[in-house]
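Residue numbering begins at 1 within each chain, and the chains themselves are lettered A, B, C, D, E and F in the order written.
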Amino acid sequence: MSPAEILATNLLSPVVLAFGLGVAATLVKSDLEFPEALYQSLSIYLLLAIGLKGGAALSVTPIGQFLGPAAVTILLGLVTPLTAFAFLLGVMRIDRINAGALAAHYGSVSAVTFLAAVTFGEATRVPSEGFMPALVALLEVPAIVVGLLLARGASARAVREEGSGSWAGAIHEVVTGKSIILLVGGVLVGWVAGKERMAPVEPFFVAGFQGALTLFLLEMGLVASRRLRDLREAGILLVAFGTFVPLAHGVLGVWGGTLAGLSEGGAAVLGTMVASASYIAAPAAVRIALPEAKPSLYLTASLGITFPFNLVLGIPVYFALARIFGG
Amino acid sequence: MSPAEILATNLLSPVVLAFGLGVAATLVKSDLEFPEALYQSLSIYLLLAIGLKGGAALSVTPIGQFLGPAAVTILLGLVTPLTAFAFLLGVMRIDRINAGALAAHYGSVSAVTFLAAVTFGEATRVPSEGFMPALVALLEVPAIVVGLLLARGASARAVREEGSGSWAGAIHEVVTGKSIILLVGGVLVGWVAGKERMAPVEPFFVAGFQGALTLFLLEMGLVASRRLRDLREAGILLVAFGTFVPLAHGVLGVWGGTLAGLSEGGAAVLGTMVASASYIAAPAAVRIALPEAKPSLYLTASLGITFPFNLVLGIPVYFALARIFGG
Amino acid sequence: MSPAEILATNLLSPVVLAFGLGVAATLVKSDLEFPEALYQSLSIYLLLAIGLKGGAALSVTPIGQFLGPAAVTILLGLVTPLTAFAFLLGVMRIDRINAGALAAHYGSVSAVTFLAAVTFGEATRVPSEGFMPALVALLEVPAIVVGLLLARGASARAVREEGSGSWAGAIHEVVTGKSIILLVGGVLVGWVAGKERMAPVEPFFVAGFQGALTLFLLEMGLVASRRLRDLREAGILLVAFGTFVPLAHGVLGVWGGTLAGLSEGGAAVLGTMVASASYIAAPAAVRIALPEAKPSLYLTASLGITFPFNLVLGIPVYFALARIFGG
Amino acid sequence: METKSATMVTIVAERLLRDRLVEKIRALGAKGFTLTEVQGQGTRGWQAHEFEGPSVKIETLVRAEVAEQIVDAVAKYFEHHAVIVYLSDAKVVRLKKF
Amino acid sequence: METKSATMVTIVAERLLRDRLVEKIRALGAKGFTLTEVQGQGTRGWQAHEFEGPSVKIETLVRAEVAEQIVDAVAKYFEHHAVIVYLSDAKVVRLKKF
Amino acid sequence: METKSATMVTIVAERLLRDRLVEKIRALGAKGFTLTEVQGQGTRGWQAHEFEGPSVKIETLVRAEVAEQIVDAVAKYFEHHAVIVYLSDAKVVRLKKF
C-alpha cells in the first residue's frame, strides 16, 4: 500500500472513527455519557483479555524467540524516560518534578494505543507476534520507576513528611496497580492454562474484543476531548513535546524491535508501544509519589495530545518505518 | 403462516417472553433490579449497534434504492404528530401542552420496538432491508420538533421566563441527545468504514445483539410494569389513545412503506416504527421544552400502554398488513 | 485420566486460575476492584443464561427422563439441611439459630460452583445432561425453607416482634429472590421458546458464557479472599464443618444421581450441587428470617471455606466418585 | 426568599431494610425522601455489599415531631441490624412541602 | 485548627437540571461543589431515573449571602421541576476557600 | 427516645486518599464511617474520575474532640491534594456508639 492508502485504512477503521465520534459528541455538547461502571468494566475486560491472549500465545512460543524482544523492551523502558526527561529539562526548561512525572508517562505504555496498533496490523495484513501483550507488561513498570527516581532528588523531603508523596506507596502502586495485575495476571493465567484450555473462553475474550475496543474508544473520545480546552493553557511547547518525543521514541522502538528479530508487524507494534504514553498506571503512581506534580500537565499531554496523535498519525508512520527498516 | 401462528411465533419469541418475565417479577414483588449502569450500558450498546449495522448496510446500497423510503419516512415523521395531536385535542379534549407532548412521543420512534419487529421478521423469514436503522434516525427527529411546535403557541411565555422551558435547549437536546448521537453516529461510522472493515467488530455488535436485546427487554418489563399502577389514574381514554393511534399510524406506515418500494418485511418494520412511541429522545426533549407537561401522562402512555401493545399485538398485525398490501 | 491428572486439569482451568488471580490480588493489596454494577450485571447474566440453557435443553428432553433426577434432587434438598443441622448441633454445639442458618446455606446450592463443575465435565469429556440447570432451581428453594424451620422454634418470638425477622417475608424472599426469578424464569423462557427459537440468542448467552464466568470468578476471588481474615476468628471447627459436610453431601449427591439414572457427568454435577453452599439466595433469606444469626459465621463458611474447597478439590473428587459409582 | 426551620433525619442502613424503612417514614408523614447508595463500616463491620447490594442512606426533611417518631421507629432495628439514625437542623423555603 | 462558619446549600433535583444549576451556582460565586447521584421521591413521585439517569444532589459550601441568592435562583424551578433546596450550618477551616 | 449531640465530620477527597483517610480516622477513634462516591469540582478543577475512579465523601459521627483531631489530620493534605473537610452538628441516640 502507498503511505496515503495506509493512512486512509487507519482513518477509516471502526476504532478511529469511534474515537472521532466521541470527540464530535463533546464538541456538539451532547449529553452522551458512559456510566462510570461501564468505563471501569471495559478497561478490566480489555486489560485481562490482552493478558490472556498474550499468555496463551506465549505458551506455544519457544522461549528463545521471546528473550531477545523482552530484553530490548526492558532496555527501551529504561532509556526512553531519560530521553523524555532530558528533552523536558533541556529544551522545555520544566522543573524536575513535572519533568520526572512526564518522563514516567512517556516511558511507560498505553494499552489502548497498543491495541489500536495490533488491530491496524491485522487490517493491513501485517500481523504481529502473538506474545506482544507480554511485552506491554514488561514495558509498563520500569519506565515509571525511572521517571519517579528522576524527580525524586528534588522531592526527597516528600518521603518523610506525612500526607505528601510516599516512595514505597508509589512502587507498591506501580507493581500492584490494577492495570499490571490484570495484564500480568492475564498473561500468567493464559500461559499456565495453555492455548487448548483457553479455547472455551475465546468467544468472550477474543471474538468480542474488537467490538468492545470500539466501544471503549468512543468513550476515550469523550474523555480525551474534554481535555482539549486545557490545551490552550498548556501551550504550543507541550504540543511539540507530545508529538516529537513520541515520534523519536517510535523510531527507537521500531529500530530496536527489528534488531531484536521481531517481524515487520511486531517491530511496528513495539514502536507504537514505546511511542505511546501511559494514562492509567503512570498517573496513579505519580499522584502518589509526586503529588506536587501538575496532573493538568501530564494528563493533557498523554491523553489530550499524544494519544490522539498516535492513534491517527503515529501508528501508520511506525508501520511505514517498520517496512523500511525491515526490508 | 396463519394469523394465529404468526401471533404465536411472536408471543413465544425470547424477547417477548423476557419482557413478560420482567412484568411477572414486578407483579410478584421480586427484588430483581438491574443496576442503573447496566440499563445505561445496554441502551448505549443497542443504539450504537443498530446504527453501525444500518450504516454498513447503507454502504452497499445503491443510493436510489434508499431515497424513496427515506422521503416517505420523513413525511410520516411530519404527518403522524399532527394526526396524534388532532385526536388528542379533538377526541380526548386534552390541553395543547400535553397534547403536543404526546404528539412528539407518538410521532417519534421507539428503537426497541423497531428491533423487536426486525427480530420478528427474521424469525418468520420475512427479512427487512439492512438500511432500516438509518430510517429510524430519520424518523426520530422531525416528529419531536413538530410536536413541540404544536404545543408552543400555548407556552410561548415559557421561552422568555428563565427556569422554564427553553426552545433552543430542546432543539439542541433533540439533535444532540445521546440516542441520536449514537444512532446517527453509528450509521456514519458503519457507512464510512464500510461492510468489510466492520467485519472484525461484528461478533460483538451483531452476534451478541439478540441476546443483549433479550436482557434489555427483561429490564423493560421491570420498568414498564412499574408504570402499570399509573394506568388507573390515566383512565380508559388514555388506553384507547395508546392503542388506536398506534394502529392507525401502523397502517399508514405499512402503506407508505409499500408505496416507497420497501420489501414486505421492510414495510412491516416501517409500520412498526411509525406505530411506536419514543420513550428516550422525546421525553428528554419534552421535559426541556414543555416542563409543564405531565410526565406521568406521556411516559405512562408510551411506555405503559403502547410499548407492550406493539410488542405483543401490534408487530404481528403490521406484518399481516404488509402481506396484504404487498400481495 | 489418573486422579492426579484430573486434579491438574481442574487447577489449570481458566476459571480456577482466575479465582486464584483474584485471591492473589487481595493478598498483594492490589487496588483492583470490580464496580458494584459489574458484579451485579454478571450475576444477572450468569443466572439467566443458566436458566435459558436448561430450559432449552428441557424442551427436547422426554419428561420421563427428567422426573427421576428431579425427585432425587428435591429429596436431597430436604435431607441435607437436616444432616448439616445435626452435625452443627451435635458435633459443633452451635446454637439452634446459627445452626439453622448454616443448614439453610449448606442444603441450598451455589450456582457458580455448579457452573465450575459443568465446565470441568466438558473439559474432561464427561458431559452432563443439558437439563441440569433446571435441577439447580429445584435444589435451591426447599433446603432454605427447611433450614429456617429448624431454627424457627428458638426464634418464634421473632415472628411477632416488629423490626426483627419475619417468616412470611423470608419465604417471599426465597421464592421471589432475584436468583430464583432469573433461574426459574430463564428455564421457563427457554422451555417455552424451545431450542430453535433460542438459536439467535445463543451467541450471547452460550458462546460468551465461559468467558463471563471466568471474569466472575476473578471477582469471586477478590470477594472470597476478603473473608479469609475472618477465618482466624471462625476457628478450626468451622473449617472442618466447611469441608467434611460438603464431602459427605457430595457422596450423597453422586450416589443419588447415579441411582436416579443420571450419566456419569450428571451424577458428578449433582454431587457438586449438593456439596455446594449457597451464598446469594440463602444469606438474603436468612438475614430476613433470622436477623440474629451471625453473617460472619455463614458467609465465612460458605464463601471463605466451602466455595474454594469445592472449586479446587471437591469437584475433581465428585467426578472421581461418579466414575466409581457409575462403573 | 425567607427560610424556616425543618429537621433532617438521616438513616444509614443495610440494603435489606431499605423498603421497610421507606414505607415506615412515609407512614409517619414524611412527604418525600432522598436515597443514596453508600458503603459503610460500623460496629458490625463492613456490610457485605457484594451480596445484598450497597447500604443505603435515606434522608428525609420533616417537622420536629415527625423526626422524633422516625427515630423511635428506626430504633426497633438497632438490636439485630446494621443501621444508624441521626438528626440535624435545616432551613427550607416552602415549609408546608415538608 | 480553628474553624469558621459557612453555609452548606444542598439542592436535590432531577438530572435534567444538573448542568443549569451547576452553571448558576458558579455564576453566583460558589467556588466549588460536590455532586452525588441519588434517587428520590417527593410530591411529584419517583423520578423516572431509567430515562434521564438518576437525580442529582448538589452540595456547595458558601458564605451566607451567596446561599441566599442560590436559594432564590433555585426557586425559579419550583413550579415545573422536581427540585428542593435547603440550608445548614457547617464549620470549615480555610474560610477564604469558600 | 432522647437524643444527644455529636459532631459530623465530612471529608470530600480524591479517591487516591480514600484508604489513607479511612485508616487515619479509625486510628483517631472514629467507631464507624459512611463512604459515598461523588464527583466534585473545586479550586483544583474536576477530578479526573475516569482514571482514579470517582472522588469519595467520608462521613463520620464522632465526639467534638475527635472531630478536632480529624480536621488537623486532613489538613496535612491541603497543600497537594483535592480535599476539603467540614463539621456540622448532629443529634444521635446511643451516644456511646460514636
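We adopt the following convention: contacts are C-beta pairs under 8 Å (C-beta built on N, C-alpha and C of every residue); 3 or more make two chains touch, one makes a residue touch a chain.
Please read all numbers here as calculations on a predicted model, not as lab measurements.
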item	value
Shortest contact path, chain B to chain E, counted in steps	1
Chains touching both chain A and chain E, listed by label	B, F
Reaching chain F from chain C through chains that touch each other, fewest steps	2
Most remote chain, CA-based centroid, reference being chain B	F
Interface sides of chain D and chain F: same vs different residues, half threshold	different
Chain whose Cα centroid lies at the greatest distance from that of chain D	A
Pair exhibiting more inter-chain C-beta contacts, B-C or C-D	B-C
Chain centre separation (chain A, chain F; CA means) in Å	35
Interchain centroid distance [CA atoms averaged], chain A/chain B, Å	41
Intercentroid distance (Cα basis), chain D paired with chain A, Å	46
Interface hub residues of chain F, defined as touching at least two other chains	36-37, 53, 88-89
Junction residues of chain A - those touching two or more other chains	33, 35-37, 40-41, 203, 207-208, 284
Interfacial residue positions of chain C with respect to chain D in the complex	36, 39-40, 162-165, 223, 279-280, 283-284, 287-288, 291-292, 295-296, 299
Interface residues, chain F side, partner chain A - complex	14, 16, 37, 45, 48-54, 76-77, 79-81
Of all residues in chain C, those that touch chain B in their complex	35-37, 40-41, 44-45, 48, 52, 172-173, 175-178, 181-182, 185, 188-189, 192-194, 197-198, 200-205, 207-208, 284
Of chain A, residues touching chain B in the complex	12-14, 17-18, 21, 24-25, 28-38, 41, 119, 122-123, 203, 207-212, 214-215, 218
Chain E-touching residues of chain F, taken from the complex the two chains share	10, 12, 36-43, 55, 57, 68, 71-72, 75, 78, 84-89
